[in-house]
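A, B, C and D label the chains in the order they appear, each numbered from 1.
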Amino acid sequence: MQTVLESLNQALHTALASDERVYVLGEDILDPYGGAFKVTRGLSTAFPDRTMTTPISEAGIFGVATGMALRGLRPVVEIMFGDFITLIADQVINHAAKFRYMYNEQLSVPVVMRVPMGGRRGYGPTHSQTLEKIFLGIPGIRILAPCSLKDPGKLLLHAILHDDDPVLFIENKILYSRPVLSHEEDNDFKITTSDSQNQSDYAPAFHLSIREAPSPSLTIATYGYMVDLCRQAVLQLAYEDEIFIDLVVLTQLSPFNIEPIINSVHRTHHLLVVEEGTCTLGWGAEVLARSVENLGKEIYKAARVASLDVAIPASGPLESAVLPDIDDIIQAAKKMV
Amino acid sequence: MSNNSKSDSDQISKVELADLYRSMLRIRRFEETVLGEFSRGYFFGTTHTYIGQEANAVGVLRNIAPEDIVVSNHRSHGHFLAYGGDMRALFAELMGKSTGVCGGRGGSQHLYWKNFYSNGVLGGTSPIGTGIALAEKFNQRDTVTITFLGDGALGEGVVYESLNMASLWSAPVLFVLENNHIAQTTPAELNLAGSIVNRFNAFGIDSEALDTSDVLVIQSSAVRAISEVRKKSSPQALILNTYRFGPHSKGDDTRQEKEILELRKTRDPISILAERLDPDQINPIEEEVDDEVKQAFQKAESDPIPN
Amino acid sequence: MQTVLESLNQALHTALASDERVYVLGEDILDPYGGAFKVTRGLSTAFPDRTMTTPISEAGIFGVATGMALRGLRPVVEIMFGDFITLIADQVINHAAKFRYMYNEQLSVPVVMRVPMGGRRGYGPTHSQTLEKIFLGIPGIRILAPCSLKDPGKLLLHAILHDDDPVLFIENKILYSRPVLSHEEDNDFKITTSDSQNQSDYAPAFHLSIREAPSPSLTIATYGYMVDLCRQAVLQLAYEDEIFIDLVVLTQLSPFNIEPIINSVHRTHHLLVVEEGTCTLGWGAEVLARSVENLGKEIYKAARVASLDVAIPASGPLESAVLPDIDDIIQAAKKMV
Amino acid sequence: MSNNSKSDSDQISKVELADLYRSMLRIRRFEETVLGEFSRGYFFGTTHTYIGQEANAVGVLRNIAPEDIVVSNHRSHGHFLAYGGDMRALFAELMGKSTGVCGGRGGSQHLYWKNFYSNGVLGGTSPIGTGIALAEKFNQRDTVTITFLGDGALGEGVVYESLNMASLWSAPVLFVLENNHIAQTTPAELNLAGSIVNRFNAFGIDSEALDTSDVLVIQSSAVRAISEVRKKSSPQALILNTYRFGPHSKGDDTRQEKEILELRKTRDPISILAERLDPDQINPIEEEVDDEVKQAFQKAESDPIPN
């Protein structure tokens, strides 16, 4: 079975092999090291001319990639830790993301930035965050987050080869070592791909429900590594508490298309959003906002499970207390139904 | 540092001198019209005019190859017109018309046309110019990218990230540093420690510094620099000491009027070049340019607003 | 009558005069220019040693101020245009805002950053944004937004002199020239200060309702310059459509304390949030999220009026179409009740 | 560039030599213990050890005044211990204990104690160090702030913003640039164009560069530099060419083992100093330090975890 890391690594190899316009830039990505998390392993050996290790200049690297994208290349940038997307905020928000619109649709900026996010490794306050929230909703960029379902590499490959706008690709660090699950392999869950996508949205949304379970009374919406935690919580809630859940998994975070969530809540009337970032103004805020705008009093209850609104401590026990875990999800779900 | 040199102009044909003069005068009259008409409500937002610095854009861009690329900043009108941008489209852009360079979306500081890009965030364009230059290099094109920066933009850290990468990766980019000795209202000595030349050299980028408003001198240095960047496929810098005669944007000049009068007397690129032209060459150009500017303004004015 | 600008300018004078630890840093803030929007006018003349004009180095300036704050000073930084808070994102998020918590409450960082935000001046895509959303919800900083009600200068003064944590102070550019209204002066509205504040929250929330009006059927929550637009919309809705509204105005955006809003919606069951920034994941998203979490099906309808999710065009007509205006508020309100 | 100079050490008392030796050895043994015990699960997160670079922290910080301030980076253990930080508190911090320097919240890269600050975002500390230095200056204290940076951190633009402001405003800060010729796995020549010395000079900041692992040489340059920063109340830089013997963090060394063995032979600050001590001085220090480290580790280990 392939891990998420292998799937992403393979996608990068395929992208470089299949399109000469693809370049990969990042800090310490040369072999034998192959990048801090090894997602870029082998690239510099196979494609030495198009794998560029860079100085430690996050803003500069991303700006260089933007310039390359303006002239017909398809650069992929790795930001070593997602915590440092703060350093590219200006290049993303006031440059790459704006160009297509402000230059009157005369050009586009096909640049992909891959960023490892997330905690649970004890790296402490500046190396553990889930920070995509600062870019969620910014006009002009797409934000994707693979999970262990189906084909994370395919999602990345499509973004690199076919998306003409800037893409922020969120990779949870814990997810790297998880096996990729095909829909067929899953014994516990029936997994369907939501068909309520926009034409331009290539990133799938999934519905997971326990096979042969009664109709669900709660919708859980989530993405990324939290999908794994939610699956376990859903199983436990079903078997121990007879609470049945429709688990909706998104792989495109922004622009928001929460139709799959709305459709589910329309039936369950209860919505729990689970994410790893700090709670306030995270992804879940917009999900809840759009849900109540769409559904009004059809929503009986709504809640979020997320990190506490503090920095992420280095110490294991403190970190665990701050980050959301399976038990937090179970407790939140039980309170709702 | 070079200085005005008569010998250069001896080689240059009357036609070329007239063209240079026309180029600079187009910018001058365009900017005067912008400043003059602003208070009448024709334009949206604000504007940064290029009056006094015309020799830089014209001298640098006069001889570039058609594929060469320009990355400009907030003070972009002069660069745009010298690059060959359409005057009516620029007026229309400032007026927010659908015929504007970017259909009115960008406005004065945010232009894109052919190989010309500008943005209003100081310094932020420098890595982009470097990336553009690299892409051209990777694609085996012998394009030169010209990135304009002001003295004030040297405050931004991303500029140094860009110098480092341009140098490390031999990006064929010419950094043109227009040091007009002021950033908005702040004199360079309150903004910049050390030396501008050394800042480029410290990153392994050779530079030449000029202190002139003579377009011929600038032109000849620029031709040399651009051809070296092209030949060596590596970065260089051209530091142009220059003076802004107008306000930073509109009515925000905190300098002494005396100071500016003195500058206009000694450092006006248009008067300096005028001395090299036959007196009877000048009038027709003046008329031609006045007419062009007037027509461009009127056409833009009657262009439709976007919806 | 004092303008908002005068009120803020006076507060800066008072702060510098009353506490030697106060320093003001920013680009082009020296007299006679006195700053791009003149909020710092006169400071360099009155306090030449503590008014520092800086290079154009937003990240650097803010970092320097953070260092000053660590050693007992109380610096105030002006970022010339709020659009450039992108450049200080790392210094804010990974430095100043984290320090108190990650250093185990051993120190604090009393730095105030003032940022002019907002459009309606035709400055175009990089000089017109309302970007506080990227910092809203970030743990460790307080985000305040004055409006024309009561005393914007007092709010600023308190932040500078008494708040020991980083404060982001959002000043809408259009607001600068508006007169400050005391509660007593208002002929149309009854204005009360909400008493549901946390102890540590010194920024007031206001309730505005038309004098002698019947009980309201809609809550509008807003802040900053949008308060002025909302007041006009509320008047028009009352007189032309007999729709009566409880207008709730917050001056502290983050940390979120939306109790005043919740209390109002509890009665009206309808919530409209109005803000100038782009809609997705703006302030309103968290307001709606918390409202539905708190009130569940007590909310019959919820909606937001905000900018379209695009860059802000320079051209006047295009800019107007993107930014929210009085008519947008009226239309949205009418659709709800 | 200076080199090992015997004459310096002649002046220095046996006690002082022993103290320097002890200081460096404490760092060495601490770091060896961290690396050795990491795989046993005592520590959280990751760690960047200082093995091979001990002479820098000890040489620079040995003679600072009690009020002087240290701004450190991700590789902070050596700086912290040389500053006078408590070994048990540092172990406890890495173990995530409530007795840790920051109660376990910060971990290896995020320390604050007395006048010592560290953070894990490369370069981001440099404006903060500059602001700290300015605050001290404004408060009429003659404190010196010492900001440690690595060669890799020179990639970050905010460093240059800081050099510019430190120079413009005469901040009494000493930038100590530890050039260990590698950033994580990237050799300096793939990261840095031009010259490090010139990068400081370009902003008007004088620098001295050393290429030595002799703590006495570093110490004497540091004493001179710090006293000049204090006297002139203006910035300087000290560039220390140095070598890291261990991995970047844990098990991520991509260099040849041969290369590191060679470095250990020629550039080990502890062996270099050992030659200057009486042989019979060394053993007791070794034992004392071993004992201290063992005790500190054990105490930290039995300290409570926070809740």
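In this section, a contact is a pair of C-beta atoms (placed from the backbone, for glycine too) under 8 Å apart; a residue touches a chain by one contact, two chains touch by 3 or more.
Since this is a predicted model, take the numbers as computed values, not measurements.
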In contact with chain B and with chain C at once: which chains are those? Just list them.
A, D
Can you work out the whole-Å distance between the CA centroids of chain A and chain B?
43
In angstrom, rounded to a whole number, how far apart do the mean CA points of chain A and chain D lie?
38
Per the C-alpha means, the centres of chain A and chain C lie apart by a whole-Å value of 31
Any idea how many Å lie between the Cα centroids of chain B and chain D?
46
Numbers and ranges of chain A residues touching at least 2 other chains:
54-55, 57, 59-60, 83-84, 87, 90, 94, 101-102, 124-126, 311, 313
Tell me, which residues of chain D touch at least two other chains?
103, 105-106, 110, 119, 121, 154-158, 161, 164, 168, 190-192
In graph terms, nodes being chains and edges touches, is this line, ring, star, complete or other?
complete
Could you list, by residue number, the parts of chain A that touch chain C in their complex?
83-84, 86-87, 89-90, 92-94, 97-98, 101-102, 124-126, 131, 133-140, 254-256, 278-282, 284-289, 291-293, 296-304, 309-311, 313
For chain C, which residues are in contact with chain D within the complex?
23, 52, 54-55, 57, 59-73, 75, 90-91, 94-95, 99, 101-104, 106-107
Touching residues of chain B toward chain A in the complex: what are they?
69, 102-103, 105-106, 110-113, 117, 119, 121, 124-136, 138-139, 157-158, 161-162, 164-165, 168-169
Residue ranges of chain B touching chain D (in the complex, touch as defined):
154-161, 163-164, 167-168, 190-195, 198-199, 201-205
Looking at the complex, which residues from chain D come into contact with chain A?
43-46, 93, 95-97, 100, 103-110, 119-123, 152-157, 183-186, 190-192, 252, 254, 305-307
